[in-house]
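Below is the structure I would like to discuss, written out as structure tokens.
Naming follows writing order (A, B, C, D, E and F), and every chain is counted from residue 1.
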Amino acid sequence: MNNTDKNRLQAFREERAELNEKTLNSGHLGIKRFFNMDANTYRDGALDSKTKELLGLVASSVLRCNDCIDYHLEQCAKTGSTKEEILDAMNVALIVGGSIVIPHLRRAVETIEMIEEEGLFQKQ
Amino acid sequence: MNNTDKNRLQAFREERAELNEKTLNSGHLGIKRFFNMDANTYRDGALDSKTKELLGLVASSVLRCNDCIDYHLEQCAKTGSTKEEILDAMNVALIVGGSIVIPHLRRAVETIEMIEEEGLFQKQ
Amino acid sequence: MNNTDKNRLQAFREERAELNEKTLNSGHLGIKRFFNMDANTYRDGALDSKTKELLGLVASSVLRCNDCIDYHLEQCAKTGSTKEEILDAMNVALIVGGSIVIPHLRRAVETIEMIEEEGLFQKQ
Amino acid sequence: MNNTDKNRLQAFREERAELNEKTLNSGHLGIKRFFNMDANTYRDGALDSKTKELLGLVASSVLRCNDCIDYHLEQCAKTGSTKEEILDAMNVALIVGGSIVIPHLRRAVETIEMIEEEGLFQKQ
Amino acid sequence: MNNTDKNRLQAFREERAELNEKTLNSGHLGIKRFFNMDANTYRDGALDSKTKELLGLVASSVLRCNDCIDYHLEQCAKTGSTKEEILDAMNVALIVGGSIVIPHLRRAVETIEMIEEEGLFQKQ
Amino acid sequence: MNNTDKNRLQAFREERAELNEKTLNSGHLGIKRFFNMDANTYRDGALDSKTKELLGLVASSVLRCNDCIDYHLEQCAKTGSTKEEILDAMNVALIVGGSIVIPHLRRAVETIEMIEEEGLFQKQ
């Protein structure tokens, strides 16, 4: 993996943070409330946060949104999923969503590699 | 819930079984292999069967397929998910997929009720 | 239009109301909050309610959800859209979403007829 | 296959014809033009009509529209595709679109059976 | 906002114009007719052009096409929508389409900023 | 067409090959099997490879995946489709999928130009 690849994930994080702030400051109360509700969704509830991040990852994968996949991959690592568990979840997305998911799976495999190099996966 | 509602789930199971058999007997090897691979996907692996059925449920919900949702709801019950866990998974689907998921959520709540009446949820 | 057709819209309203109540009473706070936020979205704001119901109709049409289309068609009539305006909005959905929208457009034309027979369109 | 099944395809044809006429008579010129353009799309061109109906079938299958699938299945039979060719096309849709396509594939297998009973497949 | 950001919108306009011309000159009459019909769709009719551009924006947002969103954002500004009205329309798309729309909303907020810097919003 | 454009297709091929290998080596048997089944799908069967690549192209176009479209465009050329046949197939995708397909059609026209410059279309 070269430096350009490393920068893809870092660039995404910075752009996401900057534009999220602009979006929240746009002055529309409904948008602000949606963002707040979205954040609450993945907190521990009847299902724990780890499982819900995997659900978010699979939902993002079958709906084919690279930014959402990258975000949830990082959250999956941080909430304790292993690489093997993440791949097993992505395989469910592949079967349900079909070969149209493959370009996103390929890219996810690259993101997982970046996340691992950054040491974001928890020690088992 | 009336008898007609009960029949919706039972009628789906019967039609699904009958047409699955016809589809498998249609003579196309690729289709047969896909069905086999699909069944294997939800077996215990890096993630257990219970978690993978929840992933299948959320994928089916954001892609908005009632038959797939009904199938996975039943599998979720059989693999040990509680009603509260299923609703927490459906809430992830609702946030990721938006209000367009609501008609499917409403219908899922009805299916959950049918499954409960049939005693398919495991005793805690 | 025969009585069976009239019953389709009426049956939808009754089922929708009954299942919405069950869904809201399912005990999941996130789902309850989403329903509340959804209702607020179409109230007068920078855009008036009439325009936002047309936006909801077009969004529902390109995402191809019959229940959502029927709901927004009724709301469009109640917030003052004429049949001609609704058809002009559906035409945008048809162009953006393609011929896959046609079955939903056909059904919408039938629903518009039902709504008109019920006298829901405002006198001009 | 029972009589109710036979009626599903026949009922669809009648409803489709009736509502297409209402839609065309709704007075919106853009809608009328779209319908005309849609019909022209499947006529012989650089690709023959038979191939284009198979393309329409696969597009309808991955976008998961039962009415569109039924329509194109009938057109495929009429333009000379065999059952084996139709299933081979549906298999492409299954791989590209994933298991979410399965309920539509099952239903298509039933429609193919109805079409065959009606004698719509060309003698080889 | 830096120069690179400004270039994103300008680069899109130039590429769009160049490739639209190539596509129209590709020699397929059906494609040419579709482009013509597409342009006609947003002209004043039962609904005015301003409203129809908002409909196109919301349709593009829930179907999640960045190029289409950028195009309609510019058209919305040119046909007289204010920033507040555009955000209110995007909020409908967010609720109907869910959090999967957020990356497109974030990017739209950036495009709106670019459009404003170019002075494309009409003086109120 | 400038050098940067030529590099887009070549860069995609290289990245695709590299990440496909990483994905296949990720250790998940289900993913490996899916990739194998995917490759088999487009081999000669009841339909020949040329027709099935056109089906894959249209499926990819209505589902709006640029990488999949580029891949199938190249396969279409290699299996004997002419530019005219490819455009006729893309026109079916445009009608079924609507104007939301246009950005992908524009890009496909550019890819076809690249493929032609590389001499991938078969001599007639």
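One rule holds for everything that comes next: a residue touches a chain if its C-beta (ideal position, glycine included) is under 8 Å from a C-beta of that chain, and two chains touch if they have at least 3 such contacts.
Keep in mind that this is a model prediction, so the values were computed, not measured.
In terms of C-beta pairs in contact, the better-connected of the chain pairs A-C and A-B is A-B.
Taking CA atoms, the transformation carrying subunit A onto subunit E includes a rotation by 120°, reported to the nearest 5. To find the repeat of E-F among A-F, A-C or B-E, check which pair has over half of the same contact pairs by residue number; it is A-F. Computed centre separation for the pair subunit C/subunit E is 24 angstrom, with centres defined by C-alpha atoms. If you average the Cα atoms of subunit D and of subunit E, the two centres end up 33 Å apart. Note: centroid distance subunit A to subunit D, computed from Cα atoms, is 38 Å.
For subunit B, residues that reach two or more other chains under the stated contact definition are 30, 34, 37-38, 41, 45, 59-60, 62-63, 68, 84, 87-88, 91, 94-97, 99-100. Listed in rising order, the residues of subunit E touching subunit A in the complex are 64, 84, 87-88, 90-91, 94-95, 99-100, 102-103, 105-107, 109-110, 113. Interface of subunit E with subunit F (complex): residues 16, 19-20, 22-23, 26-28, 30-31, 34-35, 38, 59-60, 63, 65, 67-68. Taken together, the subunit D residues at the contact with subunit F in this complex read 37-38, 41-42, 45-47, 51-52, 54-56, 58-60, 62-63, 68, 82, 84-85, 87-89, 91-93, 95-97. Partner subunit F is touched in their complex by these residues of subunit B: 30, 33-34, 37, 40-41, 45.
By the touch criterion given at the top, residues 62, 94-101 of subunit F touch subunit C in their complex.
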